[in-house]
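I have a structure here, written as structure tokens, and I will follow up with some questions on it.
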Amino acid sequence: MLATRGLTWRIGEVAIVDSVYLDLAPGEFLGVIGPNGAGKTSLFNLITGLRRATEGRITLDGQDIGALPPHRRARLGLGRTFQASSVFGSLSVRENVRLAVQAHRGGSMALWRRAAADREVAVAADTALDRVGLAHRGTALAGTLAHGEKRKLEIALLLAGEPRVMLLDEPMAGVSAEDVPELVAVIKSLTGDSGRAVLMVEHHMDVILELADRIAVMHHGALLACDTPETVMANPTVQEAYLGESL
Amino acid sequence: MGTVILLALTGLGLAALYFLVASGLSLVFGLADVLNFAHGLFLGVGAYGTWWAAGNLPGAGPDGFGFVFAVAFGVAAGTLVAILVELVLIRPLYSRTIEQVLVTVGLSLAGVALLQATWGADARPFPRPDWTRQVTGILGAQVPNGGLLLIIAAVLVLGAILAFLRWTRYGLVIRAGVENREMVTALGIDVRKAFTLVFAIGGAAAALAGALGGVYFGTVSPGQGSSLLIFAFIVVVIGGMGSVVGSAYAAVVVGLVQQFVNYYGTSGLGDICVVGLLAVVLLLRPQGIAGKVATA
Amino acid sequence: MSARSEPGSRAPQSRTEAALLEPILSVEDLSVRISGLHILQGVSFTVAPTGVTVLLGRNGVGKTTTLRAIVGLTPPAGEVRGTVRMGAQSLLARPTHRLVRGGLGYVPEDRCVFAGLTVAENLRLAERRGTSPAYDRVFALFPELDRRGRQRAGSLSGGQQQMLAIGRVLLNDNRLLLVDEPTKGLAPKVVTEVAEVLERVAESVPVLLVEQNLAVVRRLARDAVVLAAGKVAWTGDARELLLETALTKSLLGVGSAEVSH
Amino acid sequence: ATACGSPQDTATGGGDSAAPVKVGLVYSQSGALASYGKQYIEGFKAGLDFATKGTGKVGDRKIELTEVDDAGDPAKAVSAAKDLIGKGTKIIAGSTASGVALQVAPIAAQNKVLFISGPAATDAVTGANKYTFRSGRQSYQDVVTAKSFIGDSAGKKVVVFAQDGAFGDANEAAVKTVIGGAGATVSSVRAPASATEFTPFASQIKAAKPDLLFVAWAGTTAPAMWQSLDQQGVLSSTTVVTGLDIRSSWPTFGAAGTKISFLSHYFDGASDTEASKALKAKVSTIDLFHPDGFAAAQMVVRAVQEGGDDVDKMVTALEDWSFDGVKGKMTIRAADHALLQPMFQAKLTGSGTAFTATAQKSLTGDETAPPAVAMKG
Amino acid sequence: MTLLDITPAPAPTSPRPGRVHRIRPFLPLVALVVLVILPYSTISLPGIFEGPVNSPGTLQLLAICLIFGGLAAGYDLLFGRTGMLSFGHALYFAAGVYGTDILVTRAGLPLWQAALLTITGGTILAALLGAVALRTVGIAFAMVTLAFAQVGAILVARDFGGLTGGEEGLPLDVSGLPAGLVGVTNTVNLYWLALAYLTLVVFVVHRVSGSPTGRVLAGLRDDERRIGVLGLDPYRYKLVAFTLAGGLASTGGVVYVLIVGGASPHITSSELTLSLLVMVVLGGPGTRWGPVLGGVLYMYLDHRLTAFGTSDAVDNLPAVLSHPLSQPLFVLGTVFILAVYFFPGGLTSLAPRLSHLTRSLKPRTPPN
């Protein structure tokens, strides 16, 4: 459903993202790995519209979305999390998620209706919070959350938007070992229901291996390989450039 | 021809004045991230300091070395006030931008009122060497010496600030400190000292602008600083926050535009053009002429 | 990096042996409140003068808060009680920059590189007066930083930023390093590299490390302090902790099998 | 003590014939015009003393002054006026700034109280309404005085240099009617009041080669403006006329001071009247706006004497009244309440900080009379 | 500070927290009723007001304070609630003032038509200029709005066609106005009008910030990029807030011109915008009552300090003190500076701290 064709982003002479061809099928879970600075986050930025590609096309369900601003792409069903948590710091955790739900429900411009009275939004928001295990933190200000909690809130924001294509940028970074399995389960459940596709950058190989149907490897902005986990892990270049010796 | 030269040179003189006011503002505003509405106060202190010294301080006077001494005194007074303001009022408020606004606005109101309470609301004649009132004939244009003096001073100040930023670590410390003060401290640097220094330099530049502005206008009055401030802000923003070189370019553009439009256009159009210029520059290049592109 | 020694062969001093030495850092009854929240409630532990002491615990227990309290970076709204000593010196009342100049290096959790400055400028900022900065050491570890000297740090990738953050501290000789989750967001290969770096650093400087990656912990740590709900839940030998499934299960919520993946 | 009352309660001016007469003085004690305000109030007190022969009373009734600072802000002045009127004040005087005068005048008319405007120079106060009078000069009188410098205007070329805004507009318009009406060709150069660099305007004026330059400029940038005119050789090439401001501004003219022909509302020594002696005894050196305060006090006393508590009677008493003021003979014209008064030509001599003004000529109130306008309200 | 003296001291027999909680939602209503019937009271508060509460002078002062309370609350919709730092808000207020004044005085329109036209015009102006200015963010946005406002100020000062009266201002021609709005005895009606305006603004701002849109605005304040990625167009929401705030400001202008009876150019100045910012910060940005309190207090001080400066109490002080203290702006500026250190977070931060104090002073009663 999501496809990039020769997607390229240059700053001056340097190609940060270099002619990337990527196809994401409905229901598919594609892991993205690659050394730090390979251009994974940049690729996400291009797909979600935070950066404008210098060359190439991005299509969603066959529609060219390359010229749309971020919010239009989001409305078409593209959702993402950020590598550096970006939550609404001065709103409570629950308000954060409600906002995301509301955005998903059509971005009401209502000025006079009371937002708090909207039961459906509240219920959807609490469900999302529950799923990431943050329900007990609902009233805390998002800005005061500990790092790992913010990561969970990021995912809750994503869930609330019920996107069809989800881009997860290192969701596990900084999450305590205890919570990893829980979060993995949450992410796993994302694709469980029909038709959703996930693109996930992650450096925790065990998580990637557990979740991904296919793994794409980025290196110096280009796609080095995109194949089944087994093949990718066996690839000597990947071994050498990315995995190194295991601890 | 003579008119064009005259307009260009007097325009540069005006630009120099704007730059002198803007340079300190740009340092404090662009580097220390403090929207300093009290900058006009430093200007006023510099001007009144010079005025007072020339009349009361032994050795100081309106002429020759005495005048230099008086200006030095005014600049010292402005610097001192700036340091005190930073230490007492601003220091507890870094990263609390909004409260800074309240304090600096309060300070500018109270400070100007204090000058007025002390020396009255009326403009006072400013002590200055006679040659600053005369003109120099350049290619048939009678160019006021006061303006030329401003141009020279502005060039010197520009050089000095650039040298400071380039050859010392302070520029770096301050730029880093604006982003994340805590982290600078965590690298073992006393960031507070660096910020006090910026205020001191900003205050000194402002006080110098006040003193030379006094020469230029021929008078001092309590509100003089504040009235120049709005153009200085415009210059800083057109030039790009924190870029002293940008401020210099912007000052030249603003000074020349005002001067030429005021001559060839109808009255008041000069100001509108400058303000329009500001809007256009920002809409096309929100970071200003010399500002760097901010990336996420 | 040369062949790495087996975990067991690293000739660690036993815990009892280490305890005989004066601890480099001792934290006693440290309490932190931030805007009404009692985040740390009387935390006490010591850091041995050699090797890595690791601070463990779930998200939000207060690990970062502990490190920040030690270097004096508690937010203004916060209130710190208790004592923290490095050698004979009490730390809590002293300003951060003094502590750092006195040899306390701190690598913050969220990297905190100066986004608007170039890589080279970030490093230059970390130079301390009167000492010669060990650029060769840093560049040997992270050649990337040498190559990217003119790039704005804000445009570095996450991992590159982490390298810069560690590089900044290694530029100087320190008496104690506080390192908060250095491998977060790093590619596996770099994680290994960082772990090796820290291992080597720890040979000369003691390190207090906060780390979620238990593989790294297993490799580096000799002593462990586990926090839970703002209090110390366990202190002792790190390997003892990681090998005892019952302990890891109860303290960290993971079986030891997951520890040694 | 809680009490209830009607929301429209206002105190009524006591009909008691021995009760004090309340007079409200709303003027600038702080702000940019504070020094004008100070002269005004000194003049007023001296005038009150003079007109009541030192008793401060009219008949048995004491004149009770309430001073309120408007800081030059019309909104504050209006609040103060409403407050005073609410407390039963029937006479309000003051208004240092034109903006204040223009906005207080309608309040006076709406509430039928007497308003005697002060130093505010705007022509628009004249004929504003039945209840509004003025105790100072108006821009038009300045311009008529300026005209006296060129004798026969026919065929002469006159340039007005004025700041943007109402003050400049009024002066330009006045020059066009007064001097232009007498046969001169009048053109104008206008500059924003906020301008700091005057060379372009000076060159424009120079290029126009006028026989007479009339400058209407108020504010702190005036010295820079004069310096530019001087430097570009305007002052030495033509007759330049402007209004002489307060004494403390004289030194700021610098070298330009002696090259300018001044029209003057007043300066110490311009007249030698009984009133001026009385005033000088109180304030030692008379300045520009002392006479306005003095005249206001004389008008207040007259109004109370003849009108008692009846404002309409006060108005009748003042209309067509002539009196000897500081400047000389003053007449309140019934048609529009213009205050006809002598004006002066002056010259500055000396240099540096020690200028003295000397009168060249004085014009009578009739000579400088502005054309009568229709009463607006 | 007399105003602070009247803040109720912690009463020893304060009602049980439960009851306070129950009447709390009605407190604004109670306050409103008190303010509505205030003009029927003849209480004198010497030192605080010149005359009894129902005297025209006091009502006029209160009316001005209320207007600015409303204006500040409207500005807070931009600043405190959406995080947009506009330096040109005075323009829309001034458009309201001058628009009404010109239409009534120069064009002779009846008040209701003039008001309607002005408010519509002011709102459209805000929408148009906002549409351009919002292409920038942060300090650039502040400066572009400032630039637009400066153009407005220059146009007013230039006095094109004698329309605005330049620096002298334009007194309002009251001959066509409803009799109830003219004359000192009717000041009370102006007071009620101002109160109605304040109520309107507070109600609108409250409703809007509690609405779905308001929630988005709060999100914009924290992270605009994130809002975009959630599928909402930041630009549209910001424009709505900007236009609404502009419309509220023009409405305030209409009421203000009636109260003051004229327009003067200082209301077009950037200083006025700055004062609005100061009011909001003084009270507490993003809070319901903070900006209102800030606006009221600011205007109160601004007006009353002139009286304070000339009072005997100040005159009798030694010159070193009496000179500065007789400068109203000196006192005002000093108050701002002190406020930052004594009430960080604005005046409204005082309430929780006061209640904290009450609680710690109160002897603990065993729960039953």
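Labels for the chains are A, B, C, D and E, by order of writing; each one numbers its residues from 1.
Assume a residue touches a chain if its C-beta (ideal position, glycine included) is under 8 Å from a C-beta of that chain, and two chains touch if they have at least 3 such contacts.
Quantities reported herein were computed from a predicted structural model and do not represent experimental measurements.
Listed here as common contacts of subunit A and subunit B: C, E. Steps from subunit C to subunit E, taking the shortest chain of touch contacts, total 2.
A count of C-beta contacts for the chain pairs D-E and B-D puts D-E on top. Comparing mean CA positions across the assembly, the chain most remote from subunit A is D.
Separating the centre of subunit B from that of subunit C, both taken as means of CA atoms, is a distance of 46 Å. If each chain is reduced to the centroid of its CA atoms, subunit C and subunit D end up 77 Å from each other. One inter-chain figure worth recording: subunit B and subunit E are separated by 32 Å, centre to centre, where each centre is the mean of the chain's CA atoms. Spacing of subunit A relative to subunit D, judged by their CA centroids, is 74 angstrom. Residue positions 164, 192 of subunit D are each in touch with at least two other chains.
Across the assembly, subunit E contributes residues 154, 157-158, 225, 326-329 that each touch 2 or more other chains.
Annotation for subunit C: residues touching 2 or more other chains are 155. Listed by label, the pairs of touching chains are A-C, A-E, B-C, B-D, B-E, D-E.
Those residues of subunit D that touch subunit E in the complex are listed here as 1-11, 29-30, 67-71, 73-76, 78-80, 82-87, 98-99, 102-103, 105-107, 110-111, 122, 124, 164-169, 192-193, 377. Of all residues in subunit E, only 207-208, 210-216, 218-219, 221-223, 225-234, 236-237, 240, 244, 286 touch subunit A in the complex they form.
Of all the residues in subunit E, the ones that touch subunit B in their complex are 132, 135-140, 143-144, 146-148, 150-151, 154, 157-158, 225, 270, 274, 277-278, 281-282, 285, 323-324, 326-337, 339-341, 344. Of all residues in subunit C, only 4, 34-35, 37, 57-61, 64, 109-110, 144, 155-160, 162-163, 181, 184-193, 195, 212, 214-216, 218-219, 252-254, 258, 261 touch subunit A in the complex they form. Subunit D meets subunit B in the complex at residues 31-35, 164, 189-192, 194-197, 199-201, 203-204, 220-224, 226-228, 230-233, 246, 248-249, 251-252, 254-255, 353.
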